[in-house]
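First chain written, first letter: the chains are A, B, C, D and E, and each begins at residue 1.
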Amino acid sequence: MKEYNFFLGCIAPNRYPGIEASAVKTSRKFDIELRDFKGASCCPAPGAFGSMDVNAWLALGARNICLSEKEGKDIALICNGCYKSLFEANHRLKADPAMREKVNAILANIDYEFQGSVEVRHLIDILYNDVGPEKVKESVEVPLTGLNVAIHYGCHLLKPKFDRTFGSSERPRFFDELVEALGATSIDYKEKMMCCGAGGGVRSYKMDLALDIANEKLYNMTQAGADVIVDVCPFCHLQLDRGQVEIKEKFGDVYNLPVLHYNQLLGMAQGMNPEELGLDAHEISVEPLLAKIL
Amino acid sequence: MAEEFEPNILGILCNWCTYAGADLAGTSRTQYPPNVRVIRIMCTGRLDPAFVLKALSVGADGVLVSGCHVGDCHYLAGNFKSRRRVALLRKLIEEYGYDRERLRMTFISASEGAIWAEVVQDMVNTIKKLGPNPLKQVGAAGAAGQVGVVADDEF
Amino acid sequence: MALFPIYSKRTEGRKSIIEQKTLVQALNLALDMERCTGCGICKEVCPEEAIEKGPVGAVGFKEMEVPEMVFDEKKCSYCGVCVELCPFTALKLTENGEPKTDLIDQQGFPHYVKVAEINPDTCVRCKVCEEMCPRENAIERNVPEVTERQQAITYTAEMQLNEDPGSENKCTYCGLCGEICDALTVEHKEATPLNIEASGEVKFESSKCDGCKICEEICPTDSIKVDRTITEAKLLGEVTINKDECMYCTWCAKTCPIENTIDIKKIFEGSINIKTENCPAGCTACVEICPCNALYLPPQKEPGEIATKLEVNDDFCTLCGACVNVCPVANTIEVKRDVIHIEGTETELYKKTAGKMMELKTPTIEKMGA
Amino acid sequence: MASEGMRDPKHYQLGKTQFDPDLIKEVEALGGKNAQMCYQCGTCTASCPMGQRSGLRVRTVMRKANLGMRDVLDDPDLWLCTTCYTCSDRCPRRIMATDAIIALRNIATREKKVPMSMIKIMGAISKTGHGVPNNEANMKNRVKVGLPENPPTTHTYPEYIKDINKILEVTGLLKIREEMEAESQ
Amino acid sequence: MDEEKRIGVFICHCGTNIAGVIDVKELAEYAKTLPNVAHAQDYTYMCSTPGQAMIRDSIKEHNLNGTVVAACSPRLHEPTFRKATEEGGVNSFLFSMANIREQDTWVHMEEPEKAMEKAKDVVRMEVARASMLEPLTPKTVPVEKAALVIGAGIAGIQASLELADAGIKTYLVEKEPSIGGNMSRLDKTFPTLDCSQCILTPKMVDVERNPNIELMTYSEVEDVSGYIGNFDVTIRQKSRYVYEDKCNGCGKCQEVCPVSRPNEFDLGLMPRKAAYVPFPQAVPLKFTIDMDSCIKCDLCKGEEACGDLEAIDFDKPDELTTVKVGSIIVATGFDMYDVERKEEWGYKVFDNVVTGIEMERLISASGPTGGNIIRPSDGQKPKSVGFVLCAGSRDQDEEDGAKPYCSRVCCMYSLKHAHQLIEKIPGCVPYLFYMDIRSFGKAYEEFYYRIQNEGGKFIRGRVARITEDPITKNLTVTAEDTLLGTPVEMEVDLVVLANAVVPAESTQKVKTLLTLSNSPDGWLLEAHPKLNPMSTTTDGVFLAGMCQGPRDIPDVVAHAAAAAAAASIPIHKGSVTLEPIYAIVDQEHCGGCATCIGVCPYGATELNEVDSKLVASVNEAKCKGCGTCGSACPSGAIKMQHFTNEQIMSEIEAFAQGW
């Protein structure tokens, strides 16, 4: 049993609790325990906070890492935004002594010190590289055969590639493999690697433009015959799920494309019921999807 | 405030790769610390262990041997032989009470002027941490030239 | 790093296809999984060693999946030797969609002598061969369905009608015969007060007459006479053997009720030997895979008898070697081909290939773990 | 002597452009790696999902930053980058254009040219530790999936929030927020 | 040493290069205080004629018997000052050089005081060394009147023809079955639009006919030993499985061969047989059998085919030949950058994305389509074609293996492609996505105007990505028109990636064999980038063509001719002077332990019985002067001339006098 401190971020626990619950439940099947991470805060939001002051952003991120360092636990998380904040803070502070000094000087005000003793990992990275698609496949009880999945990787999982571990960001395959391990089909759609539009503080700054990007994405996914969108980031999730309601209001385009976090899809394939995965809290009804699977 | 310790480092460089690389650093005006004095030899294979011991015994704070990359030696394999000598010498100087970090071997090609500058910078930093040659510290820079030639038939 | 050649491997239905494609040419080698028996001869003969035997399918009592032959699209020279030597015609080589046969056309390689004939003169068009043949579609029985009696034989029928005005047996055109038989139609001339004599015409369609003579029986004036001559007392149509489908196992020849009617020559001559004492209990892999049903388990003599001994009927074994490929115990089956019936030039390449084909084939330990 | 149709020569005069050579150094120091290496190929603009539907031109931003045209800091489009990093991944000069934009935003923030939407997010974190705090409806949903009403974060342990505010304070962000909030009222 | 040492020290200002950082006068004054120094002075340019005269005259005037010049790197001007010393009547090996420019004033400009300190140390060390130097006499060895050229592309062909015409026996080694290299793949050449084959084939035929050229195709250099004037080269002639003397090139073997393989020459666009010539104009026109794909069906040996000629032998072995040459020219050329690694452009993912060299074959009349330009997906003529320039050039993305340098030919060949498209397909519009059009050669810029005038469209912006319509297979190219400041998305039928050139894979092997170096970008390193771009640091080895860096055909030909001229110098001179820097053995002290035998990479040390005692000796001709034996000798019996223990030890001691 490998234990991680489960870093929740904001949107998963505070808007889509199903994502939080499904991550914990599905991981147990692979002997991974996601523990409560006491005192963690916002990562903080890389787009908003990084844009205001990178050093403050790094320091706030480092505060979260320091909390975990005190417990000697590696951090697992389920949000690309959190991944950017914490993975990059961890990576940069480990690699760059000057930056570390600068950030530790800030942290000294609250009696923290960044040591560089833990790892920060995205759960999808753990699932792919530690567990592996084969084991994921073995855990499937209800194969999702015939389900056309439009995968949304999300930008901060892969980019910038120099600061990540997944290689080129143009045609990645690992997430597709994990979805296909569940029996579903990962469909190719136009501009698959395009951003959801929410990041960088744009969703709160210019909602219309942020939604315009999401609209194009949703259109491309629909054109390719998607039954469901699967992501690994609650913020992209929010943009693509709630965004559909907002797009309908603002532009009149209707998609009704259900959005699932990978752990929710995994939970369904592992035979969990939609209520315990929190699917009823989504804006876009998952009913047609359930009808297709069950 | 006491003047900062400036190490005296002896560089023993092969003509074809590192010496040319150091020249390139010059042509490119890459700035690096002025702590190294260079002796040019044709090949690092020429490196007699006595040179290193002599340098340390006369008070050098560090010795930097540098030649071609493995496989690129102008004389086929001189750098291999030198590498083995340096590896053993690092153990030997430790027996004499020198930190092994005072002797270093690197491989720098004729096109790696920037790397030469980095290596010098790094060596200077290392030696600065180690402090002056212990012989200098006790003020006994004698015994120069009394180091025997080391049998190296096992090389 | 260049765009071409594009090597690819794909499955279309039950065909597994490898392809070497340049801008101007596409070479395809297609393996028909319906026909492949997993005998592995293609692997033995490939000059480029580009063919590997994949894992054996699930061993079971109900069905035996054949080992998949895996072709290396990059190593393959697309020469066609395997195509020619597949005894089951499971392989096809095409260049831009057309069959590519230049190796054979230029007599760079011989081909099998394929003898499988049914003598149409002696064949009685019965169904025995079709039923006994272990391969679907190998026997082509083009015999029309016999739905009416007259279709069973070939004959000619004649009717004579007595219309002699002086005869007492003259036809009265009463129409009775026409009522009961499709072959006869009676047309009356209309009677007028001036002429009340019955007159008309009796039309006869010989193709509809089967000579039953009921008209004769029923005619009140006995004016009808019917004669039937049988010209051929045999079913119509013909039974032939499709040489592309035939496995040359001789099941049909051995079971044909008429002697010397079917002539089949096996492609290989040689021997098969099974050391049944090595057989793991309950394993019937070879029986399941044998494409010619030459291997069998004799019926239990008494209930509860366990060690049923595997037997082979040499008559039907084609020495294809499929059994060797699935047998999980080393040295249990030995297949040895001594003669290969071919025609055409025996080129050096053929001789080398034949040498490989004539080596003793027996399972090795590595083949375990099916 | 100006003939008819000839415009006032003043119209032809370029305004005196002010270049600040230190701007790009500041950008590089704040994480915009290799920003001075930009050779204006436009890969960034063409990669940018936002550039296709707005006035954001990453290449132009880089150009202005490189020349030291400080008006780039006043450009509201500077805040349209979604930080997707596609431009950075494809840049043939390995420039982190996204990080350069973030660096420019940092400088703009110091000059209080940051959009209020950002300041609001800071406010939420300062108050609750979360940029997107919990709410009533969500608490019910949490309970439904078997989770406690509040996550084990600063929501459950508010004592950690003071550390966050200390960081905001020492980095000067708190002051910027207070001043901007005061100005906006 | 019997004689009293009288050393002259000459400090060079090198304009302001040295004098601008340190006080040369003070340095000269310092030099005067050093032991054995009889004279010291400074001068603006020591390497100038008056500077050299100053050395000459000072030797006489001050009766000097040793010189030290403190100036630039000895790798630059050591020969100059040696000569000046010699002219002054002092053995040139009694000269030593202090490098106070490259390794001092240029790298410590910001710390002039410390630079001064270092200059003093360096001068002191060199004076100490000069005091210990011994006079040496250079040896002269005869030169083999033959040359070797490795690689028979246009560079190798040109170099060989030049050498042969100068009366030098030339071995031309080519690894492919035919000579011609990459140039034979090209259709037309820019900007003159000559047909590449038309101008190349006559040269190829000349090579075959020239009695002074021994052509060795399908061959590779396996081993090189020796030194300038006397290289021993072992060449492996790979078996073609065809006797070249019997093959008449009739091609019947090819006709009957049932095997079909992609033709490497045509970049896989066309198939070839297992028995093949790469292209119809091949030289020599001898068939080769590709044993990897041959099935040995014997059809080619049959009566219909090779039959009576009996040229084919499947058992023909490789042959090893050893030749002796005086100089060697390397002309290993280039490969194309693996542009598949730039995933955003979708090469090998999308059918209609091709590379520049593939476009050449598509345009070429002898190519797979007979010169009909078609797009691979459906064979249709493209009506709009996008060109991606700098595809992998001027790109620092190391993860993608891209190259930071300009490949120098892509702009021009793309312009040429644009011209050919306009000419061959009425109504076809080429769109060139460029960053800068580098049309630097003679008549190149004019060619650029011409294409503009013909209707080629130029968009200044690098292509960020290419996407494909899965149904029509048309491509959408996204870039920013940086001149408009607008992102553009353009649908085109075909995209040509003008991919970078990279050093040929075979270069690495040759580099190792000849102990050459390469620059960081992988191209072979020249002796001097400006003054000696055709020589290497290995005496007697020269570079021709692309192996040294990207260049176009006229530059390659010029470079090759230069290399040939340089390579012919020692051969025509008939002898070369070798530095007397070789080891000698003091046989009295030698214990015969044979340690030196084991360490010498050249087998120059040997053990002989002298006066009933085993002693080592060094073969001067074989010794290259690395000194490894000298430092390994346990009894100190081996003396490495000009780098003796005493000389180096004295330098170390002088080094220690600095503090």
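Assorted remarks:
Basically, a contact is a pair of C-beta atoms (placed from the backbone, for glycine too) under 8 Å apart; a residue touches a chain by one contact, two chains touch by 3 or more.
Keep in mind that this is a model prediction, so the values were computed, not measured.
Common neighbours of chain A and chain B, by the contact definition above: E.
Steps from chain B to chain C, taking the shortest chain of touch contacts, total 2. Taking the definition of touch as given, a chain qualifies here only if it contacts chain C and chain E alike; none does. Distance from chain D peaks, on a Cα-centroid basis, for C. When chain centres are taken as C-alpha averages, the shortest distance to the whole-protein C-alpha average belongs to E. Looking at B-E and D-E side by side, the one with more C-beta contacts is B-E. Farthest chain from chain A (centres taken as the mean of C-alpha atoms): C.
Taking the mean of the C-alpha atoms as each chain's centre, chain A and chain C sit 61 Å apart. A straight line joining the Cα centres of chain A and chain D is 22 Å long.
Averaging Cα coordinates per chain places chain A and chain E 51 Å apart. For this pair, chain B with chain D, the centres built from the Cα atoms lie 49 Å apart. Residue numbers of chain E whose C-beta contacts span two or more other chains: 344.
For chain C, the set of residues that touch two or more other chains is empty.
Here, these are the chain pairs in contact: A-D, A-E, B-E, C-E, D-E. Residues of chain D that touch chain A in their complex: 30-31, 49-50, 53-54, 79-86, 88-89, 94, 96, 98, 102-103, 105-106, 109, 114-115, 117-118, 120-122, 125, 129-135, 138, 141-142, 144-147, 151-157, 159-161, 163-164, 166-168, 170-173, 176.
Within the complex formed with chain D, the residues of chain A that make contact are 8, 10-11, 13-15, 17-18, 20-21, 36-42, 44-56, 59-60, 63, 106-107, 109-110, 112, 155-156, 159-162, 169-170, 193-195, 197-202, 204-206, 209-210, 212-213, 216, 275-278, 280-281. Interface of chain B with chain E (complex): residues 6, 8, 10, 15-17, 19-20, 22-23, 25-27, 29-32, 34, 37-43, 45-51, 54-55, 58-60, 68, 71-78, 81, 85, 109-112, 117, 136, 141, 144-145, 149, 151-153, 155. The touching residues of chain E, when paired with chain A in their complex, are 343-344, 349, 399-400, 467. Residues 256, 258-263, 266-271, 274, 293-299, 302, 304, 336, 338-340, 347-348, 353-355, 358, 368-369, 376 of chain E are the ones that touch chain C when the two sit in their complex.
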